[in-house]
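Next, two complexes with chain A in common: one pairs it with chain B, the other with chain C.
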Partner chain A sequence: MATVALDNVTKIYTGDTPSVANVSLTIGNGEFLALLGPSGCGKSTLLRMIAGLETVTSGELIINDRPVSGVHPRDRNIAMVFQNYALYPHMTIRENMEYPLKLQKVEKKSRNLKVEEVASLLEIREELDRKPDSLSGGQRQRVAMGRALVREPAVFLMDEPLSNLDARLRIQMRTEIVVLQRKLGITTVYVTHDQVEAMTMADRIVVINKGRVQQIGPPTEIYGWPANLFVAGFMGSPPMNFLQPEQSSRGVRMNGRKTAAPGHPDSRHVVVGIRPEDIHLGQADPDELSLHGTVAAVETLGAETLCHIATDVTVLTVEAGEVIPAAPGRNMLVVRMPGYRVDLQDKPVRLRADRNAVRFFDAESGRAMHLDSEDQFGPDMKGGLGLRRFKQVNDDRDGASLDGRPTGRQPQEKGNSK
Partner chain B sequence: MGKREVLERRLRVVEREYGVSLFCGIEPMEESRDEESRDIGRMAQERHQSHRFRPKKVRPRDRRAENDMQSERAPKRRSGRRDRPLTRRPGLRGFAIFFGPLFAFYAVFYFFSFLFLIRTSFQDVSLSLRNAIDIGWTNYRLLIEDPRFLDALKNNFVFAGASILAAMTIGFFMAVGLWAGVRGRAFFYAAFLLPSLMPIALVASVFRTMLEARFGAVNEFLRNVGLEALAQRWLVDPDLAYGVIIIMFVYLIGLPLLYYTSNLALINTSVLESAVLDGAGPVRIMYGMLYPLMKNTHKTVTLSTVLISFRAFDIVFFSTGGGPAGATQITGTYVYNFTTSGTNVGFASAAAVVVLLISLVVSAVQLRIYRQAGADQ
Partner chain C sequence: MRLRNKPMIGSKSGHFTDYLYRSRTDRWIMAALLIIMSLFWIVPILAAVDRALVFNGWRNFQDVIFGDIGGITIWRTYWNSFVIAFMHAGLVVGVSSLAGYGFAKFDFRGKEVMYYVTLVFLAVPATSILVPLFYITRELGLRDTFLGVALPEAALTLPFGVLLMRNFAETIPNAFIEAASIDRASHFRIYKDVFLPMSRPALLSLGTLSVMWSLQDFLFPSLLFTEREKTTAAQAVLRFKEYLGATPDDIGRYNASLVLLAVPALVVVIWGLRFITRGLAAGGIKE
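Let's turn to the complex of A and B:
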């Protein structure tokens, strides 16, 4: 087990545009950290820098208090599972798994024992004398993990290891990896572009875009309190609804009701964000946000229904860092409702949203306003928008994980948002 | 029933079945026609005339409407059949024009030559190909008993072996170096690929000129730098000539180099990165990973080099001519020398048949390996 620290790590391939820019974070002992972002955002480059497969242009990489930027990959005591498993096709599974031990000049007897032990753990003992091509995707994935585990690495790196599996197997392997990681307590860095994987597996998530860290935090915080419009739009499927409130000298209003964070200067342009599941059918109470519209399309997902509601409020989209109003006639809110609600098709509906569920963003910088409020009022007062309740839930989670194991999180990197 | 009547009846059937009139320029026979066929013939002629004399530009929409009308007029066609434009399918004539030259070429230069070769291999016949005497398997028996043929065959395999060895060592390492981005890539590519692209006869002639004992560039150079003792009779001494031919085979490793380079480009780099993380150094990656991963390429290189050695007539002929004293003779030059001597073409034919059979066996093995490799992938 080990801690990993990145101090202003930057990677520039050619020109002036960095692929990874000034990333600083610390990964705690035994922590499961997910690097999440869209394709080409630099998350794999960051992982490969930790592995030593890419050089660091500037900054420092520290594993267990030892700077390793100039250290050869084999001497970093790390193991990596690749997206395509990278099994040696000309070797049997046994040979594949014992290869790192062989290179470490471990005795044959010890090698065999270790391989058998890990193979039993991963339930691939029967496959040890087969070649990789004769295995299924799931089995190959296990072998790749097994080969990484036999070395007893200090840090486990995984580069989208589930992306080649079918949906059902992916869910199964997701659970298996989490259980295994918790059992062994190996510090793990997991790269993915799948937010469900990140949300379900990681202790903390690092959201990256264009080589820059957007937010670092536990899954619930990332989802519940996105640091900026990118995170808010990237996390969640369907993503957060962005609305343009009416802004005047009387303040920020939605459908005539005053809204926005206390302490927020009314002169700044605001984007209102509401998650699809935080909008409900029904008449709004005085302290709730009120919306109305007509259900234009209904998508039934079995246990829940997604309603696309045409509304008078201006709906915004975030593209390439810019907030753009939707085209006329395309002001559609997405609302997630429990159950099977095809009956709502073409019906006019009244909607309400709890003020605690509403998020505010600066339209120009994209930065979440609760972060400013936090600066203004202290960490317990993110604009008074129910953060206290949220933090309490998170603090309970921070104390111990669901299985009672200390999570070992180190939440010192807060935000690092733009 | 006359020919004309038969033709007309067939055309009517075509029109009824396919809705296409082929009554182009055929005057219907009045006396043998019934009422229905008269109508059909007239309609077809009218349609033909209208198309012939009043060409009308059909707009897409009009064409669709016309097609609809046609489909109403025409009898039901077989389901699944697309509406086709009024073009004829390529008939036997088109097929003959398209494939005829190929077949003719193949028939003359391959099929006839092959049969001629087999036929003459059982005969005692001079170069004039007259007064041939059938002598059964005698040519083959004499061939197997001829030590010069066996030496030529042995030389073939020795040269092929040297070539394979060079390809799988020098060629492989060169390919890995070029793939890994070694400096001067363009130079190495040019140095090793160009000879393979040039006519081998030219390369061999240049070698012969350079290695000429008195005025050759190699000996001139050695003398000029004070190494006169090393200046040899390269193409006259049997052992040295043998070495020269081997060097020429090695020099022409461009093709294996290409095989290796193209296959290295397909290697999954994650496998190599994984080996690096596992602790493998460059040497171990080379022989523990890359070499076994190129297994199928090694097979291809081996077999293609053996095949090339049987066709390497020009390398030997234009450099040593198979000499001195037959030391560098290969089967190609052996057959050529016997044929041009004109004493018994049948004997040379028997030698050619044997070489051909060996090549076929090698080709069959190669094909089998290709299929196996394809199935593995």
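Let's turn to the complex of A and C:
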């Protein structure tokens, strides 16, 4: 049981570009926190600093109210699951799992008991006397978790533990890890570059880019109210559509209809963001946004269809922090719709979008405008009211999913199937 | 193993051709060269066996195996050789594995400089340190002891051992060491419980080579042993010659002893070959 706090933690390997820059966050007791970001953004470095495998260049790291920057990994009472599992090939599964206990001079009898207990929990009792190389990927993964669990660590660190598994097993293991973590209540930091993993597993997600924290929040908030263009473009596959609105002193308009943009936006350029699942086929009501275009390409995923729609509004792409308008004639909107819709190919379509589903960003800074607005727009970050409202919307419309799976936790699924 | 798994370059469809030598003529030339080269090794051995059989035939071997020559049996020389060889191998494997682990998995100031200085000693010939060695072993009271021979031998083998062990250690992913370290293992425990077992192929290979090289060492025993009982198998080649005269019996016996004296090293090589190849090839293992 433990809390972990990072205060302005920075890591510079060489030169002066930090791999991790000024990260401050607090991880609550028993919380499951995911570090999410593209390759090379510094997730592993951050995790390894918490583990004590890398030194902290500046800032302070606090585990259970104790500063640990100078403390050796072995004295931090943490356990870590490595990407390649790092199971000792010359030891049996039993020996692998009891090794941490052996090092703590736990006597043989209680060692055996503990190993058996954890092995039953992870359903690897049958495998105890085999060597790691004779196990399947999923079993190895479990053994690696088991070895980390026998010690009852205060903090559990995992660096992309599922990335070596095939897609099916990954989905199964991610549920199992969540269930286990819930059951044991161990504070967990989980590194991944897979947004689906982060969305489905974590209590809170920390989105990182280029060593800097972009946003910290519960999955629904990260997905529903991205703090900036990076998060908006990173979360979701396909990501959010970015559009250029018409701007005048009378407000921000899309195709002539007034949007719900907050504040006084005429002083700065606004980027409008709409998630693919928030755009629907059909004639817009007077209070909805209206778009139209021609379906240029259809991707069918079985339960749903992604339509790439050529439109005459200006579509924006965000590259390396720059907002770039698409070339004329290449303005493609992505729309996600239920069902199998090959029939839409090459058809002209009318589209509508709820004004509340639209997000606004400052084109200059990339920052989400709801963060700066004084009025009631956006989620109430302190009270969580807005968040609850969003969640409800999210559940109702049944479409805010990544890769077709519901975004909420799904441990019950496993419980039921048992 | 690894080469064979790669796709064959330039292979005709369905035709399993050799990776490097594609044309038929190439292969004939290659085979011819190999045969000629192997003759260089085979002919002397056959000649030695042949000459060992002159005059008395197999009795020459019987005499050497069951009798003694100039007060020392061939068994005694085997024993001496192996004691030194195993001492030498133990020293080399022990020190090289520690050094390899340190060089590969620790960062300390002057690491690379130290490493290259160590490697430079690969170039030091044994003969150039003979004279100082002669005095050093006397001062240390190591003259006429097995350790007195094994130590200088180890000094000369160590640069190679360190090179081999560092290269091998580099292939062991750091995650193993980090995992153990997070699980509260001390550095010595990591070395003992994780590094040594995982380095088995390299250690066996280095150990076998060390035994083999020591068995072949003629120089140090000759220089540092004065007592007859300490004679090693490699050294006995010369010592036996002093005792066996020019009579037909003795010539036959001498040649028989030459063949027999070569046996230990041969046995070690044949038995240890798999370790050697495995360990030296182990640099490329994955996971």
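The working rule: the second predicted complex is superposed on the first by the 370 of 418 C-alpha atoms of A that agree within 3 Å, B and C clash if a C-alpha of one lies under 4 Å from a C-alpha of the other, contacts with A are read in each partner's own complex, and residues count from 1 in each chain.
Simple rule for what comes next: a contact is a pair of C-beta atoms (placed from the backbone, for glycine too) under 8 Å apart; a residue touches a chain by one contact, two chains touch by 3 or more.
This one's a predicted model, so the numbers in the text were calculated from it and none came from an experiment.
Because the two structures share chain A, they can be overlaid on it, and in that overlay chain B clashes with chain C.
When the two complexes are overlaid on their common chain A, residue A:53 makes contact with chain B and with chain C alike.
Residue contacts after overlaying the shared chain place A:315 against neither chain B nor chain C. Touch criterion not met for A:173: it reaches neither chain B nor chain C. On chain A, the patch touched by chain B and the patch touched by chain C overlap at residues 51-53, 73-74, 78-80, 82-84, 86, 88-90, 99-100, 103-104, 147, 151.
Note for the complex: chain B touches chain A at residues 268, 270-271, 273-280, 284, 289, 292-293, 295, 376.
Chain C makes touch with chain A in their complex at residues 173, 175-176, 178-185, 189, 193-194, 197-198, 200, 287.
Of all residues in chain A, only 51-53, 73-75, 78-80, 82-84, 86, 88-91, 99-100, 103-104, 147, 151 touch chain C in the complex they form. Those residues of chain A lying in contact with chain B across their complex are 51-53, 73-74, 78-80, 82-84, 86-90, 99-100, 103-104, 133, 147, 151.
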